[in-house]
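Same chain, two partners: chain A is paired with chain B first, then with chain C.
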Partner chain A sequence: MKIILAKGRYYFKERDITYNVDSDIVLNLENSLYTISGNNGIGKTAFLELLLLPLLKRNKLDFAYLEQNKNNQLYTIESSLAFCKKLDRSKDIYINWLEVLDYPKIIVADEFDKYSSSFTKILSTKISCIFLVSHLKNVQSQVQFKNIKNINICLKDNKERVIKIEKE
Partner chain B sequence: MIKIFTILLSLLGYMIFFVFSTFNSNIGIQLIVLFGFLMANTLVNDIKNTYNTILRLLPFLAFLFLFGVIFQLLNLLGRNDWMNDTIIKLLLFPNSLFVCKLAAELISLNDIYNLPISMHNKSYIITIKAVLIKGKYSLKRCMFLLNTYKYLQKSKLKKYGSLILALFFYLEQESQNQWLVFDNRMRHLTDMKKKSQ
Partner chain C sequence: MIDSYGKDYLILDFDNIFITDSIEDEIIMYFPKDKLKIALADIEELLLKVFYINSYDRKKSLSKYSGGEKSIICFALIMTVIKINQIHNLKIIFNNIIESLSENNRLIIKKQMALLNKETNISIYYLKNGNLCKYIL
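After this line comes the complex of A and B, so read on.
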């Protein structure tokens, strides 16, 4: 399964941020790890939330998004599972959540690898593709994917963000 | 101290004169009050904040209006003044919300700190204020996250129910966290003060 982040200029008014994609980026969702790199404050999280997640939604793909702040996420996971009467205290909360999500094959994680024990548990499920923003250096060693690529975000003329894909 | 007293007195004044007096059913006066609050909110915050607040209120107001129309058409309980009653509530609701919002925004952490009450009691108020400030951001984040959970997308009731529950969890946990941070800082400052004496 492949999806395409189409060439173009993407402006997001709510965060006053512009991304430029010079040429179509083909994202292979099988056996793939995509790391997202760029300087602090460049807009890696915004890239995930404003470009990538809507792209996955448009393609009707199931995914699990893990955000930087574990607490907020846990409040929502616990409350939603409880509200849907699917909270199972005998299981790990993330595994319980992924089970209710029908074990999505795509994981979008924003610096979530810093919670190593939870991240390892999530990796133990059948995942075929991970998009990961990480500040740790041993990311590749944690996963066994064939296709490892880096999506780099950099500033152009101090204004627009340019998104490029590079092989690791 | 004087500032907080004035704000609380104004709040009380609003409640007495515009909610619990005969003015509460005067549509003209309520409209003027609403206009005044909109102006005040724009001055304290900005036009965007006023616009966003109205936008958030609209679904509730629309529901209120809808029920008013239905009750009027049904002549419920033999009353035929449902529309008049609804219009008054359509004005009272945003007015009451704006007055509480403005009062909460105008009281700063420094104002609370300057209150002539014990540090122990102040710490409760400061913790609540800090949690509510952080809660504004948390509300948006929780909503964003819930929108990514596939199993909630078919039911708005489940989504908003989960949101309310998540906010309860947030309030319970974050108030404890904020309290610990505050307590830790206070203890550190007290130690420093003792050492310097």
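After this line comes the complex of A and C, so read on.
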């Protein structure tokens, strides 16, 4: 399956941030790894939260979002599982969570590869597409996807963010 | 981690990176009253002129900065604390902090830490697969 991040200028008042997509970006959700790169503070997390996640939701796709700060999210995952009476302490918490979510095929992860042991466990599930913000260089060697691309975000005229897709 | 290394190392952990909610409050935590002004000026210079954190505001909530910016602020804070309080021979563990930095910021930090090392003999460590490794400055 493919989805399209359409060409356009996207302004988000709540964060006072503008993204420019110069031409349609086609995202292949089968057998794919998309890394998201750019300098610190450029708006990679905001890109995930303001553009990518809403796009996945609009296309009614199931996904799991792994936030940048693992500790904060772990409390939420654990309490949600406990609330649904699905918390199984004999299992790894992430595997427990993904199992309850019926193993979503799409993972959106924000610098989650830095937690290498948790990331490796997640990679062992049947994922068909990962969107990963990362500053580490070895992620490509950890996955065996056919389609590996990078979404780069850079600043134009010290103001707007330009989003471009490039092949690794 | 504190159980294993807390006695001999200062631990800076990405998941629990600050105690308060602004740079100003962090500075108040670490400095006596008579050094607050110079500490604030020092960190401001580092963040604006060395790391180019243009969104810097000493009163801004730390939650409003990006993950990488938080890591940079953490570095700048610790550098200011070491420099102004003249702390020597400190051993620091950075946990998941260097990993949040883009390539150019890693280089800047490495350079800054190497300069500080000459003056104060600090050493930096990180954890790799559960093992403590020394960061070459």
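To be clear about the criterion, the second predicted complex is superposed on the first by the 168 of 168 C-alpha atoms of A that agree within 3 Å, B and C clash if a C-alpha of one lies under 4 Å from a C-alpha of the other, contacts with A are read in each partner's own complex, and residues count from 1 in each chain.
Here is the rule we go by: contacts are C-beta pairs under 8 Å (C-beta built on N, C-alpha and C of every residue); 3 or more make two chains touch, one makes a residue touch a chain.
Given the structure is predicted, the values throughout are model-derived calculations rather than measurements.
**Student:** Here chain A is shared; do chain B and chain C fit on it together or clash?
**Tutor:** Partners fit side by side after overlay.
**Student:** For A:70, using the defined touch cut-off, is the partner it touches chain B, chain C, both, or neither? Pick first, second, both or neither.
**Tutor:** Second partner only, chain C.
**Student:** Kindly classify A:82 by the partners it touches after superposition: chain B alone (first), chain C alone (second), both, or neither?
**Tutor:** So A:82 only meets chain B here.
**Student:** After superposition on the shared chain, which partner residues are touched by A:101: those of chain B (first), chain C (second), both, or neither?
**Tutor:** After superposing on A, A:101 lies in contact with chain B but is clear of chain C.
**Student:** So if I put the vertex at the Cα centre of chain A, how wide is the angle out to the Cα centres of chain B and chain C? Nearest 10 degrees is fine.
**Tutor:** The three centres form an angle at chain A of 60 degrees.
**Student:** Just to be sure I read the superposition right, which of the two partners does A:49 touch: chain B = first, chain C = second, or both, or neither?
**Tutor:** After superposition on chain A, A:49 lies in contact with chain B alone.
**Student:** Would you check which partner chain A:41 touches, where first means chain B only, second means chain C only, and both and neither mean what they say?
**Tutor:** The answer is second: A:41 touches chain C but not chain B.
**Student:** For the combined overlay, can you note the least CA distance between chain B and chain C, rounded to whole Å?
**Tutor:** 5
**Student:** Go through chain A and flag every residue that touches chain B in one model and chain C in the other.
**Tutor:** The overlap between the chain B and chain C interfaces on chain A comprises residues 69, 71-72.
**Student:** Write out the stretch or stretches of chain A touching chain C in their complex.
**Tutor:** So the residues of chain A touching chain C come out as 38-45, 68-72, 110-111, 114-116, 135-136.
**Student:** Which chain B residues qualify as touching chain A in the complex?
**Tutor:** Where chain B meets chain A, its residues are 138, 141-142, 144-146, 148-152, 158-159, 161-170, 173-174.
**Student:** Contact residues on chain C for chain A in the complex?
**Tutor:** So the residues of chain C touching chain A come out as 14-16, 53, 55, 65-69, 71-72, 96, 99-105, 129.
**Student:** Under the definition above, what is the set of chain A residues touching chain B in their complex?
**Tutor:** 49, 53, 62-63, 65, 67, 69, 71-76, 78-80, 82-84, 86, 100-102, 104
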